[in-house]
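Both of the next two complexes hold chain A, though its partner changes from chain B to chain C.
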Partner chain A sequence: MSSLLFATPKDLTSWLAKLASDHRVLAPRQEGPSVVYRPRTAEQLASDDIDALLRRATASPKQAMLPQCETLMTFKSVKDAEDPSKLTTTLENPCVAEPTVLFGCRPCDARGFVVLDRPYLEGKFKDPYYGARREATVIVTQACPSAFSSCFCNWVGSHPSDKEGSDILFTAVEGGFVLEVVTEKGQALLEGADFADASDRAADVEAVHEAAAATLPSPSTLTDVPAKVAARFTDIAFWEKETVKCLSCGACTYLCPTCQCFTITDEGSQLDGRRLRSWDSCMTPLFTLETSGHNPRPTKAERMRNRISHKFSFYPERYDGFFSCVGCGRCVVSCPVSLDIRHMVKAAVEGVVLDAGKSGEPAEVPASEKAEEKAPVEEVKAPAEVAVPEAPTAVPTEPVEAVPAESVEAAAAEVVPVEPVEAAASAAAPAQATPASRTQKSAGRTTSRSSSKSKAKKR
Partner chain B sequence: MSEHDCGCSKNPYLPEVATVLEVITESPTIKSFRVRFDNEDAWNSFTFQPGQVGQLSVFGVGESTFVINTPPSCRDYIQFSVMRAGEVTTAIHKLQAGDKVGVRAPLGNHFPYEQWKGKNIVFVGGGIGMAPIRTIMLHVMEHASEYGKLSLLYGARSPEDMAYKADLPGWLESDVLHTTLTIDREAPNWPHRVGMIPNVLKELAPSPDNTIAVLCGPPIMIKFTLAAFREMGFKDENIITTLERRMKCGIGICGRCNLGGKYVCLDGPVFSQAQLNELPPEM
Partner chain C sequence: MSVLAGKELRIVGFLCNWCSYGGADTAGTARAVQPTDLRIIRVPCSGRVNPLFVLKALINGADGVLVSGCHPRDCHYSAGNYYARRRLELLKEFLPVIGINPDRFEYTWVSASEGQRWKDVVTNFTNRIHALGPAPRWEDVPARYDRPEELIESIRPLGCGEHPALPELRQAVKDALAEGLEGVLGWKKGFDAVHAEPVFMTTPEEVDSLIWGPFNVHNLAVYLPQYKGRKIGVVVKGCDSKGVVELLAENLISREDVKIFGMGCNGTVSLPRILAKLPEGVKIESCTGRGNKITVTAGGQDYEMTMAEVAQDKCRLCTKPNAVLSDVFVGTPTTEPAAPADGRLPGLRFLDSLSLEERMGYWKGQMERCIACHACRGACPMCVCRDYCVSDTRDPAWVTQEDTVQQKLFFQLIHAQHLAGRCTGCTECERACPMDIPVFALKQQFGRMIQKIFSYGAGLDVNATPPLLTYQVEEPTIKEHDLA
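Here is the complex of A and B:
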């Protein structure tokens, strides 16, 4: 299966344009300050600049399989002509999917679908809407040329050229791209494409992959993460401290490639209407609010505890140790108050261990708590000074059922530039923020020990 | 657009259209709805286990989760008992015989009655918590010879809050079931017990030997009744209860009803206290 093909930038866009005649082609596109996935027509693709199609999207491409809102069914009731008290109700199921090419997602995004597959397709019940789109979609992934400072795919068992979840993986090399066929679906998509054989470029590809991997900060050395995160569950003071700044805006969940939550609502009248599924967020207080007024997760501390525990403890417990996090770092980049999931997991895990092997060292948690204590004030104001053009306005503090797409994107847009967020983080850090230490800072944001401890892969 | 083999025929989000056959007013806030699928084939092939739940929907309003409280042997209809509380339950309460509803069932796990053979069973139901007790109790009573001594303690706030009034005489006179009814405060012409369930339970003092306790009810009742059972020497693995959470999908995906790594809709609603002890405390 592992054949290599070479395409020039023009070859690639022409191929996509051709595919667009009988596929929905989704590709990243710059819109204002955000990069979003949009369907592109053959004409558009024929004139698209390849660089514009290679940007990493602000939001994950999960909407290719799970639209932000979709119709699960329509219902209609008709009165009997003879006896109007008799109703006949018919349901219609719009469960169809068009053949789709998802172009230019990153390895973390493709892996995100593998994470979603487990609950959506591999349980007792299968989600036919997700399943139909998943089956009809071919994923053409771009190997990351380099890591963003917010990237941590190597914490969760991946790397910038990971093929898991992709049908085709392409790598930018001198003069163009090398496409590697990963699955039969990918092979089928390439039938009729007039690309040159590139077996002789394998070494070039390997070099690019290695160079990209080298741009990532050292991976975490955290061990037994699921058990240790689980052990942190009852330490509500820890979660309260970690979420002091949280606005419960849900941006992290909407941008996340692996967040799976949704709600179901009806629309229309009792006689004629439809049932909708929309993205929902476990970070909002209404998510688990029961009719009685009881809420098992009433505060943001419990909600963050659930989100982090789901990704790093509950999900791995249920699915053979896999994390429900692909390390894309979108939640890190786009959090309006600069919360960092890496920091939270690290603090949750390392604070629990009374590590015999490193008994000489002071526990990690007091240090991180110290950092946390002084951080919030500086960090909250820092983005306003350094980075964000205008103060965030579109982030609702108490969003209702589903936040419309626009406002999520707007929320993301305002904080999207990676550099400024970094700058904000380093502004909050002690003085000697060189570019190198800055990366470490955002990776651990606890103490300098985070770098010395980060060496081997976690999984 | 092209058709795909997406398993639409087994689409777990699509309800069966059902007709309300009968509405029974149980109490000022509780009504029972007897429904049957319109599609005869779907109805004939429909089976469930006691304790399994269904998503009952009023089209245009929404779905809510309720236990099927008839025993599986009842082939004429399935019954849901609904306490009026929010938007969907208010809409359900307005339904009349002949109205159409949606039913997605069966969902969730069931009472492990296969493991109770030869054992005594103490059923304790508080308020609307009598609904899940009803299905398993009726099922066990139908097979009474396979079990030991069966008893029921059913409590409600007042006589009028007591549901299943049509069933009560039969339960009180049953040869296979020892029934105790209680209300919270004295009321005129009430011939049965008066007192909170945990206190009455302690007076009844069932022996924990070879006995399973099944309790369902509001959280505060569960809390004190659980304590009473433990005090009497019941082991946590022999105390069975059902959990409630806000649910949407009912199939373990939408992320709402989890208790740690378990989904109440999929892995529950029936849990033993021993199983609950293993889950994170997030009730």
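Here is the complex of A and C:
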């Protein structure tokens, strides 16, 4: 399915404008100094300057699948006229996944959806909201012409022309664009587009891809990243030092293409309201605050440890060595204090020695146990999945395990208890090996049920 | 008649329990005929009326808001209405910046015996709101995305060259560390040549990484409260020092715990302005500054720019380039210019040039792209509640989790309101915003009204009392709003 098609800039915008008649077309738009994904109309697209459509968005396009805030359901209860103690409750699911074209995301953004797919669509509970949108969306990705100072996709097993997650990948060449069909969804979208065949431009495309790859920093040489990051878990002094300048603001998590945590709240009254799901950030203290007042992650050091560990240790442990970071560098470039995740992961990994099951932290028995368990796992799986599983960099997020959205019978509570879905306990999960993490885990469970902010987060 | 029938408007009244609520009762007992648009909420005292009550009502669609309390000198709690007067007057002056007609809000005094006066107040206020008509709805206002592009001219020379006194500053910091300071907050080079980053220096080697120049944009005062009780130092620009002073004035840090290192500042840069001069995505290799010229080498090419083109707006109008308070001041102080005739930054100037409805449209267009990360709060040195921000509580639920323009703007109003009389104008909120939303204009509006009414600027004097924490029985600069 690797047919190549050629489109001039005019062809491309006309095609998008045509798509806009029966699709929601999300494309980048310049707003002030920021570039934002917006639904665009046919007229806007037809008249848009192509360069404006090709800019990299300031925030990742994950909102296309996982909106900043969405209504999971609405509820309304009517009192019985005869017996006011009787309530008739009606629930409605307002989620409509309209056919959508996500245009102009970068390979790292598209790969971000692959990262989100695992917690949201795999396993026992699938998220129907995310799933419906994912199903209805065709991703048209632009191969990066060059890397930004903050880019490091080659550290996490990707590259500037990575097709993973995309349905169509297009590359800017002399005179226009070469579109490569990646999936059947992409093929279907291109039906009737009437673009010229571009099999003869394959060499040009290859040259552009190679030139882009050459602008990246050299691949990292870090090895055994998940195990080594996990071995840092108990080294709280390390995390304190690394986060001295962190403002704990959470901008990184909201900009990240792979950060997936959310909170669930009910708004409105008990008799007439909406259950909302909105983005949450593991960098804020409220994320783990329990009703009792206890907070298992009271300081920014612990929160950052969680974020980094999740991206570079917990997630790869659970999902075949695939980092939950795509190297887009948004967290680096938009951090108000220029905190650099590349530096942090590198620092976390370096100096940790994993030999024969002994971790670099002799004092940490649990850590070494964990390291022992992981190192072999990592060695078997990582090479297969990630080209060079060495460099750490990534935008971490707290994964939210899929929440059973269907379990919505009880609608009247103001604070919605959402049962966290326990991860299909991967024996290798570092959290389970360490006593400290075990505490955290059970504490987290309590939180989801009863925090006054009613957070639903996983583990 | 129902509100929906269109004849009645939604007017919310906050009435003090002791006087105005009684006054309304008196009017009712006397069977005075009055309009029925007003919905009354009884509060213990007009001093209980948080200006956010008013803002929340107006943002969420109230057509008018009336606050009424005891006459000055008559407060059941002695002074509640004196505080209310200051806050509410300031609020009234603030409203136009978000596109709300200040006539939609009024505060007045009615005593329990003044039934007739209450009737007149309600009638006149209701008539006024009817004359204005229903408040414009956020959903109906067209969003606008244009922004101030003009650069304001600097009132002082800006420079970006190597500061001659930097070695001296490093030495002073090293000496202080040797004398027992736990660490000193400063800046070092960041991940590329145009980024600096904060550093907590604890060793002489780390002090050698200390830099001083146009990239030292961060206000390090933001970190001080977390070190409370520990002896540390902080390197400050003039604007940062105002943050330190305000923290000291509010007793959030103690003078003996913090050692302040100052040096004359010649201005800092706006990163978005530098990046706008480079091709998108280009790799930045190096950067040199000489005089007022910055040369950025990126992608093998040199890009020249002047400070006049890329300096932050606040630096252009800065009158305090030297620390207003310091223990160690190194080098020659920068010449302090006289106050500019117009101290408004471009955001506020632009807003002032718009009509009320256009201002609503402006905020709608800007807040739409807010991702609610609250980096503005994180970067604010005066946001000292940190983990306990009222916007995060569910009870009271000031903001919902909805991602509407009203909710996002209301968060900004909480921020601005809580900074009224405290904001030192460092503009870190705006710089930290990953989506480049010009939120500082809201704080500057409060700042300029406080200057106008109370002749007060925050962050200049550790012994000053912020104007909203005090009152005068007679307020010469506030005129009575008599509705009767």
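As a working rule, the second predicted complex is superposed on the first by the 353 of 459 C-alpha atoms of A that agree within 3 Å, B and C clash if a C-alpha of one lies under 4 Å from a C-alpha of the other, contacts with A are read in each partner's own complex, and residues count from 1 in each chain.
We take it that a residue touches a chain if its C-beta (ideal position, glycine included) is under 8 Å from a C-beta of that chain, and two chains touch if they have at least 3 such contacts.
Computed from a prediction, not measured in an experiment: that's the story for all the values here.
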Overlay on chain A: chain C relative to chain B, clash or fit: fit
Partner chain in contact with A:55 - chain B first, chain C second, else both or neither: second
Which of chain B and chain C A:175 touches, first, second, both or neither: neither
Touched partner set for A:32, first chain B, second chain C, both or neither: second
Partner chain in contact with A:282 - chain B first, chain C second, else both or neither: first
Partner chain(s) touched by A:321 [first = chain B, second = chain C, both, neither]: neither
Per-residue contact with chain A, leading partner among chain C and chain B: B
Touched partner set for A:263, first chain B, second chain C, both or neither: both
Per-pair minimum CA distance [chain C against chain B, superposed on A] in Å: 8
Contact residues common to both interfaces of chain A (with chain B and with chain C): 263, 265, 267
Chain A-touching residues of chain C, taken from the complex the two chains share: 145, 147, 190-192, 195-200, 218, 222-223, 272, 275-276, 280-284, 299, 365-366, 369, 371-375, 377-379, 386-387, 392-395, 400-403, 428, 431-432, 434-438
Residue ranges of chain B in contact with chain A within the complex: 1-8, 10-15, 17, 38, 57-63, 85-86, 89, 98-100, 102, 219, 244-246, 248-249, 251-261, 266, 280-283
Parts of chain A lying in touch with chain C, wherever the complex brings them together: 31-34, 36, 55-56, 58-59, 67-69, 144-150, 215, 244-245, 247-251, 253-255, 263, 265, 267, 276, 278-279, 281, 284-286, 330, 332, 334, 336-340, 342-343, 415, 452-454
Touching residues (chain side chain A, partner chain B) in the complex: 72-73, 75, 77, 85-87, 89-91, 93, 95-99, 119-120, 123-129, 131-132, 135-136, 230, 233-234, 260-273, 275, 277, 280, 282, 287-292, 294, 296-297, 302, 306, 309-310, 313-315, 317-318
